[in-house]
Structure formats: C-alpha cells, structure tokens
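These are the structures, in structure tokens.
First chain A sits with chain B, and in the next complex the same chain sits with chain C.
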Partner chain A sequence: MFEKPRGVKDYLPDLAAKLRRIEWRVLETMARWGYRQIITPTLEYYDTVGLASSTANERLFKLLDNKGTTLVLRSEMTAPIARVVASLLKDEALPLRLSHHSNVFRAIEEEAGREWEFFQTGVELVGDGSPEADAEVIALMAECLKAAGVREFKIALGHIGVLSGLLEAALPERPDERQTLRECLLHRNYVGYRAALKGMDLAPGARADLERILRLRGGREACDDALSVVRDDASRAALGHLRDVWDALQVYGVGGHVSIDLTMVGNFSYYTGLIFEGYAAGLGFPLCSGGRYDNLLASFGRPAPATGFALETNRIVLVADDPPEDGRRMLVLYRKHRREEAILHAMALRREKDAAVETVFVPEGTEIGPEADGEGKWRFKGRRYDMVFRFDE
Partner chain B sequence: MDREVGKDGKKTMAEQSRIRLKAAIPKGRIYKKAAALFREAGIPVPDDVDDTRKLLVTLEEAGIEVILAKPADVPTYVEYGAADIGVVGKDVLMEENRSVYELLDLGIARCRMSVIGLPDWKPAIHPRVATKYPNIASRYFRERGQQVEVIKLNGSIELAPLVGLADRIVDLVESGQTIRENGLVELERMFDITSRLIANRASYRMKSGFVDEVCDRLQAAIDRREARVP
Partner chain C sequence: MFEKPRGVKDYLPDLAAKLRRIEWRVLETMARWGYRQIITPTLEYYDTVGLASSTANERLFKLLDNKGTTLVLRSEMTAPIARVVASLLKDEALPLRLSHHSNVFRAIEEEAGREWEFFQTGVELVGDGSPEADAEVIALMAECLKAAGVREFKIALGHIGVLSGLLEAALPERPDERQTLRECLLHRNYVGYRAALKGMDLAPGARADLERILRLRGGREACDDALSVVRDDASRAALGHLRDVWDALQVYGVGGHVSIDLTMVGNFSYYTGLIFEGYAAGLGFPLCSGGRYDNLLASFGRPAPATGFALETNRIVLVADDPPEDGRRMLVLYRKHRREEAILHAMALRREKDAAVETVFVPEGTEIGPEADGEGKWRFKGRRYDMVFRFDE
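Right after this comes the complex of A and B.
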C-alpha cells in the first residue's frame, strides 16, 4: 500500500461526485442571492492573514518561502477575503457580497470528525452592520443546506454581546473571573460554570441571572425572557439586535429551523456580534457556522462591519440525500475496423444527450461481452451503464 | 424487555420511531449508582445488567435506548452522536478531552484523583509516574513545573511503586482501602470526581426538548437526595 499522511483523505469517484454535486448546488444558490465567487491563494503570509485567522498557532500548517518568510496554508476563508476586500477591492463600494469555495487546512489532533484538510463553501457580506444583513446570511445558509439535500437541520443563534454585557455588569473590573466563566461556556462545561459561579463573590441577583442564562434557549420568548433578566445597556442592545434578526428570519420562512441560545461563545476570537451554527439529524458535529466580525477588516486598514458563514461540505456529504445523478452513463465498445463509426457516434451522443459517454477499444481476439444485469442496465468490467453501443461486427 | 426485531436483526421502523433518545451508561462501578438515580428520576433503567451480555436495552415507555458501554468509551459514543447523552466520570471526561456538553453533576460515584506513593517517598532524580490517566497526570505535573516521565498502565496501578516501575502513581481513590492494603499512602489530593451527564453537540440542539426533560428529572432527583442528607 502507498500510504498518505494521516489527517488527509482521498475521495473516490462516487463520494467525489456526490461532494461536487452538493458544492455546485450550494454555489448556484449563493449566486442566485447575488454573491460573486472569488478565489484566493492556498498560501498566505503568517504575519498578516495567518494571525488574523485566529486559528490557534499550533493548528496552523506553516512553511518557509525561499526568502525565509513564514507562510501558512489557509486555515479558513474569512481573513483572506478581508485582505482582498481591503486591498484589491478597496475602490468597490460597500456592501460587497462575495462567495468562496476551497479547501482549508488545520492541524487538529484527536478531534473526532475532523480532518487536516477540509472543504468549505461560504459567503461574506462586507459593509452592512444591520440585523438585515445577519438575517440575510442566516437565511441563505438555510437555503444552502436545503439545496445540498440536508432535510432536517437546526441553526443555533447567539450573540456575543449578551453574555459580555451580562458578565461585565455582574463582575466589573474582574476580567479573570469573567474569563473563567467564558472558558467554561466555550468548552460547553455547564457543571464547571455553575461551580465557578458558586465560588465567586456576587450579588444574589447577579448570580441567579448568570445561572438562568444556561436555560435561556428557544424562540423569540428566549429573547423576551432575557430582556427581563438583563439590565445593562450593552446586553439589551445585543438582545434587541437578536430579536430583530429573529423577526426578519420569520419573513424568510426559515424561523422553524432557528433557535436562540445565549450561551454560545463562538469558536473564533474575531467574532463580535451575532453568531450561529448549524446541526443536522444523524450527524454529531456541526455542519456549518458563521457570525459577525466587525473589527477584522480594520486590521487590514479598511474598517467595515461584516458577517458570513462557511459550510463544511465534507461533513454535509455524510448526511445529505444524494441528489439524482446528473444524466446517464453510456458505453461505446468498438473493434479497430469500426473505429470511425464508433467515435463519431460517441461524439454525437456527447453533443446531443445529457449523458457521460465512455469509449472503449476492444482488441481482436478479446471477449467484448457486456452483461445485462437483469434490471435493464448493463455491466462492463464491474461498472454499470444505462446504455451500451457495440461496434464490433 | 423484548424487542421487535426485523428479519435482518435490525430494529423495525416502528421501534426506531419510538426511541427518542439514546443514552450511553457505563457498565461496571458506576452502573448501579447511575441506574438507581435514573429510576428515582422516573426513567426505568434496569437495576442489574452485569450478568447479561446485552449491549443495548430499550426502555419502551420512556422512549430511551440504553447503550451499555465501557466507561472510557462513553465520551466517544456521545461525541460522534452514536449516543445523544451519556453518564461518565469526570476522570474519564478530563482524560479524553472530548467535545461534548457537560450538563449535570450527578453527584454519584464520588471519589478523588490522587498522587500515591510509598510512605518513605522522596523526590527521585528521574521521577516516574505510572497511571491509567496519562493526559491528566502529564497536565497536572506540567502545570506545577515538574518534569516527570509518565508511564501508561491498564490496571493494578498499585503494583508500579512496589516493583520499582515508578516512584509514584496517579489513580482514583474511593475509600483508600486498596492503597492501604498495598502499603501505599496518598501524597497529594489532585481533585474530586463525580459522574457527569454529558450530551452530544448536535443532539443538544436537535433534541433539545428531550435532553432538557431528562436533565430536569435528574436534577429534581439529585435535589431530593441532597434534601434528605442534611
């Protein structure tokens, strides 16, 4: 066996075809919403895009170019696109709607369902900080999941500002304790969160509020409940924004797929506002995620609010209904003396039919025999064909 | 506990649809304690399964399928979504470091993780620590600025200092009887351990109603227990 590095994998024809069909459907959906695709390089500078990506240092694949400068294999697409928007596209008026489709690289050890190289298809909406923009990208994400053939899915919606405001109000000038609580939520450790709260010197009301936030999940009522708990201005503004997005999502008709969770912290440090994550029945891992990153563009010199998402298509392929195969497979078998007829026939089929047409030369003295498989199809060398044309007489 | 089983041994559609939640519960030390707590919470998990070879038990009325797993594998079943929720010791959770929700402290199977050695233990020139928990042990000593060689063993850890494989061990201590019987002493208490209820990231969203229901029932049962013990 010729080995490959662990963490990367081969996609054989059936899986590759399914993956490409899904990606094509998703990209077409994005195009219909006015998002234009851009392609950025696989390699970026570590000092700029690498650091802005906020992928943990030890998870970046780094290499040196011929001048000794450190490069990274892109670990996500948001930072490279921010670089392009702030440089090459700096004269294009905002808002900009861009889509991307590429492989990204992260060295992740012993984390289930993760590979070092994976495929992402996503969008970035740059230059619009309103709830309208948040709702648009979330609704588009839902449409993309449907287009990809994911039937049953849920999108969890949170807002960084709610928790930050709440923690700031309850623990002013105590950043270490705030960080402890945030870390617990980041690691989904509710037991640790409650235990940490117990050990902190807090006003009784604040403690109860911080405990209640763990159960504030659901629809618009979760926002309303939270508004009754939250007293600080920052959190109230964040909740108002979240409620606005929720209402807009009802208009898009995707309300049934969305639920609010105020404990979401977001896995990227550049997130500043609304964040979201998608899950499907039958898969234990998130399929897609995204959020608002209003400060990232400023680090490339063009301050602008922005939001976006990425679908992890190599996970989606595991749960998506396989869309019907595009076209049929046909086989043209020929002996040398009938080559011209066979090839012309194949060329005509390729032009006229919605089909994949394979030509196979069969030398004299070799059995030509495709076999009928009893279901109206044919078998040749172990593969199935809808139609067979023989040029051997 | 009879199940409808289709011709190919797979569950029939009718049965599949009745299962709302799959719960991984570890066989062994924790099982009976977990089962008792679940029963107090109104979820009729059978009391005794250790004498059966069954790996799956369906609780028809509760709509729950119980997966009887090896303790160390529970976080894996839950992380991949093969089980929606699971019961697991904090020791395993810390060692495995899986991406799951840690929802409840069940307060059962209470014990502690400790550093253990011979009574006359003195710092060694080349310290070696034997343990079933290499990740926990490495992290613990690293955080204290100590360089130790961690040796992974699969059981009977107490042997290691007795035969000179290691000068200390890191292991669970419940009553302390085992270490006393082997002439060892607890040198440092690392942290307390109880069993936790964990949930898969996707199940926590897709089945939030059922997960919350199980959580609330268990929490109520835990509260009743704590009320009884002053």
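Right after this comes the complex of A and C.
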C-alpha cells in the first residue's frame, strides 16, 4: 500500500463536495458583506511573512529556494494579506475588505483533529479601528457559520489589552509569573492557574484580583465586573470598547451567540485588542477564531488598524448540517454500432438536465448489465444511477 | 517594500474572481460528465508520488519531515490520484471518473508565463483503455475550454507508441540518436531535427522515413500516411486506435478543433499512448494537455489503463473571454446615533438584493461624503458604488 505522509489527508468525493459547498456558501456570504477575494502564494519568505505570521518556529515548514533563501509554506493568511495591502494595494484607500480561501500549513499540531495542511476561509478588514469594525467581522463570522450549516454555536469574546492590564496591575515587574499564568489560561488549565497562584508571594488584594480573572466570563456584566478590578486608563478604555462591540452585536441579532471570556489569551502574538473564538455545541476545539491586530500592518510599512477572522473549513465540514444536493446520475450504455446515437443523447442530457451523465462503451461479447435495484433505481458496477439509457440493440 | 519570492504571484480581487469563476464553470462541466472531485494533500512522499510524477528532480520542491523523510510539494495531480485510486478507492469498481482543482509546484520553469506555483483543473478516467475513453476526455477538454470562455482553440493529437515505433524502425539499437531526435521534437526544434539527421549515418530508406515524420501532421490522412511508414504490428494497432478516436471526436462535434501531430513527444514519461495538447489562437504555449498512461496505476499496485488531462487555469485566465458578473455594490453610511437602523438596513439589503453591501461608520466631525460621479453612480474613498444609503441626520 502506498502511503501519504502522516498529518495530511485525502478528501474523497462526498467529503470533497461538502467541503467545496461550504467554501462556496461562505465566500458568497462574505461577498455580500463587501469582501473581495484575493489569492496569495503558498510559498513566502521566512524573514518577512514567515516571522510576521507569529507561528512557532518548529511548526513552520521550511525549504530553500535555488539562491539559498529560506522559504516557508504559509502558516496562516493574515500576514500574507498584510504584505499585499502594504505593497500591491498600497494606493487603495482604506478601509479595505478582503476575503480568502486557502490551504495553510503547520507541522506537529497536537490538538484533536488537526492536520499539517488545512483549509481556512476568512476575511480581513483593514483600516478601521472602531468597535463597529470588530462587531462587523464577528457578526459576519456568525453569518458564515450559519451559511456553512453549523446550527448551534457560541462565540467567546476576549480582549488582549484587558487581560494584560489585569495581570500587570497585580504582578508589576514580575513578567515570568505573568507568563506562567498566561500559559495556564492559553491551555484553559484553570487548575494549574490556581496552583500557580498558590505558589506566588502576593499581597491579599492582588491575589484576590488574580483569582477574580477566572470569573470574568459571561454576559455584559463581565465587563462591569472587570471595570471594578482594572485601574489603568488603557484597560478601562479597552473595556468600554468591548462593551460597545457587545451592544453592536445585539443590533446584528447575534447577541444570543456571544459571551464574554476575559481569560482568553489568543493564539497569535500579533493580536492587540478584541479577540474571539467560535465553538460548536459539544466540540472541544474552536471552529473559527480572529481578532484585532493594530500593529501588524506597520511592520509591513503601512500602519493601519485591522481585524479579521478565519474559519477552519476542514473542521466545519465535520459538524456542518449539509444535506447533499440531490444531483441525479444518469448512465448511457452503448455498443460500437450505436455510438453516435449514444454520444449525441448524452450530450443532449448534459445540456438540458441538471444531471451527471456517464457514457459507457460495452464491447461485443460483454454482458451489458445494468440491474434494477428494486427501488426504482439502477445498479451498474457497484454504483447507483437514477436513469439508464441503453443503445445496444 | 516587502517582497514575495520570485516565481510566485498574488491575485488581486478582479483577477482572483475571474480565476474562481473559470474554476467553477470548468468543474461544473466535469460534474455533468460524471466526474467527481477529490482533494489530495499538497505534501507527498518523494519516494512514491514524487518519483511517479515524472517531474525532473531539479524542478521538485523538496523538504524534510520531522523524521528526516523527504517530502515534495506535488508537481502534478495524476500520480497523487493514482495513489488514491490504488489505496482508499481500491474497492471501487472501474471505470472511475475523478476531477480535481489544485495548486501544483515546479521550480525553475522557463517557458513563457510560467510560475513556481500554478493552478490545474483536470480529470482522470481510470479503468478504460478503449478509444471511446480517449475521445471522451478530449471532447470533455474541448467543452471545458468553451466553458472557461476560450473562444478559439486547437487540440493536437499525437501518439507515444506511433512515434516510438517510427524511430525504432529507422534507428534500431541506436537509442542515443533516437533520444537526440526526440529532444528536438520535444522542443519543436525542427531545424535542429533536420540538422541532426544530416549528421547521422543512415540508409536512404531510413533517412526518408525519419524526414517524413515531420510531415505526419494534419487530418485523418496523417494516420494513413503514417500507416505507409510503420511496419510493426504494435504501431499499426496504435494508428488504428488513433483513427478510431478521430472518428469518435467527429461525433462529439469537436472535429473542427482537432488535428493530428505525430511529432508530439509528451511532457510526462508515464504517457503510454494517445497524447494531446490544447492551444489558443496566437499563443505559443499550451493551455491544457493530457494523455493515456496505462502503466502508472500498476506502479501503485492496481494495474489499470487510464487517461486524463489538466487545464492550466492560470494560463486560461489570461486569454478567457469572461465578462465580469454585473454585481452591484452598495454603501451604507451612518453616524453612531443611527447605527441600529443602518445595520438593519444593510442586513435586509444583503438578504434581498443580489449585491455586495458595505457599512461604514463615520465618526462625528468627519465629512460623510460621498460624491456623485456624474454617471449615476457614487464615489467614496476612491471606490465606486451603485447605490448609497445615508443614516446621518
């Protein structure tokens, strides 16, 4: 048996068709919201886009070009699109709304259901730092999940600035301990978080504030709770921004899907503000995620605030409720002497009917089949057909 | 300016949309002919699929996995699909009709318009060795070119077996000289071919036969001409097969697009029989190509005859006549105090109209625009909109 590398996957026709239908419906939804698709290359320079993609070095697939320069297989789409916005699209006025559907690559992913190569369908909204922009992309993400056939889902909202403000206020000049707590939150290891707190030398007030972070989850009241903990102006402004996004999401009618979770850390270091993740009922891993990255564009020479998200299309295909389209299959069987009639009939069927039409030449001396399956359909070489046309007499 | 690697390309929205429309129409055409799409991974093992893909070693992008095994970026799709047919699909009865749309990779391509990464949309028909099968995929290729918007095109038919038979009959046990002539034919270097012939020590009959090869081009009569040159049974049978394909193509109504060119060598060493290439008027490079490969499946452990083709979608996008779809763009501008009305209006437009609808929040103190462009449309931040809705009073 010839093997493919572990970590990669073949999509057979039924699954491939479902994946393509979801891709198409999601991109169509994005287009209705004014997002235009771009396509960037699979190969990027390590030193520019590779580093900007903020993917751990050991997770990047690297190779050398013929001049010895290190290339990477793109590991996500935000940095490549930032590169294009700052170069080919540098004369286009902001805000820019761009969408993409891409295969991206990360080695040694250990989460459930993760492969080396996977499909992302996403948007970037570049040049708008308002709460309105955050709300737009979150509401669009909800619409895309619905369009993809995900019936029940939740979107958690966090904020990089709020969490950083809380940790810094309680642990000033103790970056290692802040990092320890961050790591626990990143892996949703709340037991470990509490254990780490126990081992730290803290004033009672700081200890209480750090314990309270774990409870900063829920509805709009989580923002109010947080307001009573944070003291610095930046964090208070960030909480105001988050509350504004929350209100706008009610207008979009997706309030029932969102909740606040200020323990969220975000899985890209380029995130600077509001971040979010979408989950389907009963699934342990996110189906989609995104966030604000107001500094990334500057590293490509065109400073601009930006936000966006990516749907993990090959995870969504596993949970989407997607009744396969009822495409009819037809079979045209023929002997050599009636080839012309058979081919012309098949060509007419393809033009006039919404059906997939196969022609099969059956040599003289071979049984022509097909068998009725007793349910009004036909069976030929193990496959089912809705209609069969014979040209053999 | 942040550069991408040379040899790769960004597709901005207009071009990306055209590429995606062509991809969609071509795959839809293939589906009507009974071909079902599969998706295989970008990364394959060098030792299996990499070698079977018959791409020159220096043109393969190679990298190592974390166990030190050499991987390649797929350089074409026929070998990966053969791997799947012989493994995951091994219990499916033949013939199998499969389609794909994929990005493939080849380094240091020097032909005009060639990139490291390019898009192929193709089919494989596995398990049918008849002239009917060859005619089906060639007729389907013609349909796909039409569906893609290529108005004028020609398809040249050649035959690996016929050419080999002619060269071997004239140059028995002189493989180096046969190879020299083949190389000239591969690069369509007919001047070089004649010069090479001059330098060879040949009997007058053999010399005349080798000169005649260059004239074995045209309609069905080229087969008859070839029949008067070939002496071995295998070549005579191959010519009979080619003539049968020619006749079937008349039935499909694509006779006006095809011609015979027995000087064609084919660019994959796995080809065993009929080969073909499609050209648009005035273009020096092929838009698509394919051929029969009756031995490749055996190397994956499931012997079966097969044929197929691939369209070079990113070449077709340059010549296709594709009037852009007349999608309307609408703009909803609003101030904070009318956010709810504006968002609800935009949501309704997205549901009810076939339009792309952007919402833009305009802070107090900022001029709201937009400007009428004098042609019944509106201009806002350098972009044109068919309709503008203002929520600012």
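Basically, the second predicted complex is superposed on the first by the 381 of 393 C-alpha atoms of A that agree within 3 Å, B and C clash if a C-alpha of one lies under 4 Å from a C-alpha of the other, contacts with A are read in each partner's own complex, and residues count from 1 in each chain.
Simple rule for what comes next: a contact is a pair of C-beta atoms (placed from the backbone, for glycine too) under 8 Å apart; a residue touches a chain by one contact, two chains touch by 3 or more.
As the structure is a prediction and not an experimental result, all values here were calculated from the model.
Colleague: Mind working out whether A:84 is in touch with chain B, chain C, both or neither, as first, second, both or neither?
Modeller: second
Colleague: With both complexes superposed on chain A, which partner does A:286 reach: first (chain B), second (chain C), both or neither?
Modeller: After superposition on chain A, A:286 lies in contact with chain B alone.
Colleague: Touch test for A:92: chain B only (first), chain C only (second), both, or neither?
Modeller: second
Colleague: Between chain B (first) and chain C (second), which, if any, makes contact with A:130: first, second, both or neither?
Modeller: second
Colleague: Scan A:198 for contacts with chain B and chain C and give back first, second, both or neither.
Modeller: neither
Colleague: Which partner does A:32 contact after superposing on A: first (chain B), second (chain C), both, neither?
Modeller: It touches chain C, and chain B stays clear.
Colleague: If we overlay the two complexes on their shared chain A, which of chain B and chain C does A:40 touch? Say first, second, both or neither.
Modeller: A:40: touches chain C, not chain B.
Colleague: Of the two partners chain B and chain C, indicate the one touching more residues belonging to chain A.
Modeller: C
Colleague: Residues of chain A that sit at the chain B interface in one complex and at the chain C interface in the other, please.
Modeller: Common to the two interfaces on chain A: nothing.
Colleague: Can you list the residues on chain C that touch chain A in the complex?
Modeller: Within the complex, chain C contacts chain A at residues 1-5, 7-13, 16-17, 19-20, 24, 31-34, 36-45, 48-49, 61-63, 65-66, 69, 71, 73, 83-84, 86-89, 92-95, 97-98, 103, 105, 107-108, 116-117, 128, 130, 132-133, 136, 248, 251-253, 300-301, 327, 329, 339-340, 343-344, 347, 350, 355-361, 363, 381-383.
Colleague: Where on chain B does chain A make contact in their complex?
Modeller: So the residues of chain B touching chain A come out as 76, 78-82, 97-105, 196, 200-203, 205-206, 208, 212.
Colleague: Sort out for me which residues of chain A touch chain B in the complex.
Modeller: 110-113, 152, 154, 156, 187-192, 194-195, 215, 217, 259, 261, 279-286
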